[in-house]
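Consider the two complexes below, in which subunit A is the common component and subunit B and subunit C are the respective partners.
Right, the complex of A and B next:
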């Protein structure tokens, strides 16, 4: 049913989405915590920056990344100086692009879950003489768990479903940047509709199961975006 | 004055142009012919008063759109196969198909002196990436693989291939400097009869099968005088032919 090229694409997609999800949980948690707690005037601008990929066409992000990561762009010059070379057309180029692209899907559910905690648990922790790190790891994180689960699922699923950005900076290289969505696109363009159906059907089934999982959590008290 | 206030005026303006004995034609054009077509249409509109609405994209996507009812009246493909397929499906006004351009392939780099008008750079392996259009989807990509086969360089270069989904994206990979080398359409880097930027090698035409690009009048444009006039202009006007040649295409 699946060709070797399909299996390569599926494996690559899973590898990409897993890497991106892990990175996003690490990067997104402090951002979400800051956004949830701060009273700074920067909250609005930073929140808007994080949310930008929700409204920007992927081609805009892909186009800017292609230029920024290129030999004359600031990311490209940085990576060249670090001896990594250029990022477009590489797995790690896709990882960085996807981190930008899926950021709001991870930050917002965590932020909402943290905001929903309110002051009370933090005050209680403080009266019990818990330090800030202690409070964060032993009070905030466990209580925000549903937000983290939603964030991880959405971040993973959104990366799997990414297409426009990958098309712009990927270069369609087998086992490196040819993810499932690009493989489907190639089949459709080449009018190999039978093969396209197999992979496209898999994507529909996968997306349905993921959303079913997310709404399952929602019924148990936490909405997709984390608030109660 | 806001844009909204201007809207009725704009609509009126459009209606007025339509009435002045001129008609409108919607043409779908293969990505590689973009610049040449814009120049041809500029002259055509000035000479005839007709209005041309252009859509650009990969021929494969345009074909699928036409098969699914897209409102195009004229189709300029990057190959012969797709217009023929539409012909067989009865979607083409019979007898309208002709070759409007024969494309040429170039190896191109934005770096000056990177290519010394031959393929030595390609065989040296001294470059970061080689961009080409996806040979499964784009005629220029297929031609590029034929050239690499003919030069016996396919295996040596394959690890450095990056593929654009059409020739416009392939150009973009090279133009942004992310790929040192790329096989692009000569038309993309040529203007007024010479290559405008970087360094290049115009690939000898005996290394690949001719990229004959066919145009057709689609059945839904069969009664549109602007559509008929546009194809006639492409086929027989010397002004159009001069423009097409200046972008590095041959005509028949």
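Right, the complex of A and C next:
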């Protein structure tokens, strides 16, 4: 049913989405915590910046990233000096682009969960001798678990579903940047609708299952704890 | 010399706090108080009087700039530094459930024990678990506990880290009256069996009458009265405070019991009172409360009355009540005093005046353990 090229594309997509999700959880958590807690005037601008990929056409984001990562861009200069070379049309170029592209899908659920905690658990922790870091790791993170699960699922799924940014940054290199969505595009270009159907159907099924999981999880919501 | 030691074993708190509240007058807490660091000190006041804010300042959850706080000689806040909450050796019980939802009751307690410098030994641990009666709920999550159980676990969690000061912010306020009755005895036992100073914030005169040794009365952010519970509850000027159900608190002990009548006689400095026998041991310390509205005055001993408790008294003071139809009388009985709330009409008709010898007829006496 799947050709070798299809399997390569599927494997690459999963590898990309997993890498991006892990990175996003690491990067998104401090951003979400800062956004949830700060009273600085910067909260608005930073929040808007994080949310930009929600409204921007992926091609716009991809265009700017392509320039930044190019030989004369600041990321490009940096990577050249570090001896990594240039990132466009590489797997890691895709990873960086995807991190920007999927950032709001990870930051916002975590931020919402952290805001919903309120002051109280933090104050309780302080009266029980827990310092700020201790409180963050042992109270805030576990209590925000539902937000993290939603964030991870959405971040992963959104990265699997990207197309515009990949085309701008990564092009169409087998085993390096040709993800499932690009592979489908290739099939359609080549009029191979049968193969396109197989992959497109897979994507529909995957997306539906993911959303079903998210909504099912959110519905259980508060009863996550204590339901052993 | 003894003064210095006594002073050092106290809590000195000085806070002044202004807060911008939308559409409302700026809220100000302006307190300079010396509180005893033993027994139960109640911080009493109506909502908005600043009592919770004062407690939060003492815990360090709220910071009043230029405040000063020392506890038993250790400075927790002064001009130079403010100790963060997590470095203060306190226990804090919040108004509503404060258990971590992701941990079982046992894990909530372990969370506290793991971080505490002071740990109870096995016997002390068991004593507190038994005192709060939570052994059987320890493996459950907070969501599976009743409001009363949650609060008892929270109290145990605060006690088990052996705080030098236990702060309780209306620990019963979020509970219905049945649950209150469930927890009050535990708190009373706490007072008598553990030697931890407690600051207890409440707007409930009943709770304070039952638990407190010392009372600090706050109104609009300022201290309006402070003192021993018997003294504070005997003050007629506090009758003006809304929500203050006037009545004196007497400390006595059970002198004898009459099995046939099911009555017990309590001897207090103010005189003897017969109450319903609650089964306490002879000699047990008993705290009683006599509400001003339950006291009437007779000019003779009135042997023909059904009232059980009649005490010879001297009227020492007659003051206006907040109700224009009523007067508040302060009566000296033995070495204690009683407050009586009478209509102006009765005072007029009986020709009562300050200095008159009369009989106080006490309709009911509340027992507090």
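What we mean here is this: the second predicted complex is superposed on the first by the 221 of 228 C-alpha atoms of A that agree within 3 Å, B and C clash if a C-alpha of one lies under 4 Å from a C-alpha of the other, contacts with A are read in each partner's own complex, and residues count from 1 in each chain.
Simple rule for what comes next: contacts are C-beta pairs under 8 Å (C-beta built on N, C-alpha and C of every residue); 3 or more make two chains touch, one makes a residue touch a chain.
Worth saying up front: this structure is predicted, and the values here are computed from it rather than measured.
> Considering only the touch criterion stated at the top, classify A:49 as touching first (subunit B), second (subunit C), both, or neither.
neither
> Which partner chains sit in contact with A:127 here, subunit B, subunit C, both or neither? Use first/second/both/neither.
In the superposition, A:127 contacts subunit C only.
> Just to be sure I read the superposition right, which of the two partners does A:209 touch: subunit B = first, subunit C = second, or both, or neither?
Neither partner.
> Using the superposition on chain A described above, determine whether A:138 touches subunit B (first), subunit C (second), both, or neither.
second
> Is A:84 touching anything from subunit B or subunit C once the two structures are fitted on A? First, second, both or neither.
Neither partner.
> Touch check for A:172: first (subunit B), second (subunit C), both, or neither?
In the superposed model, A:172 contacts subunit B only, not subunit C.
> Quick one: in the complex, what on subunit A touches subunit B?
66-67, 69-72, 85-86, 88-89, 167-168, 171-173, 185-186, 188-191
> If you look only at subunit C, which of its residues touch subunit A in the complex?
The touching residues are 59-61, 84-87, 90-92, 94, 98, 100-102, 111-112, 115-117, 140-144, 157-158, 161.
> Once bound in the complex, which stretches of subunit A touch subunit C?
120-121, 123-131, 134, 138-139, 142-143, 145, 222-223, 225-226, 228
> Where on subunit B does subunit A make contact in their complex?
Per the stated touch rule, the residues are 58, 60-61, 64, 128-129, 131, 134, 136-137, 161-165, 169, 172-173, 176-179.
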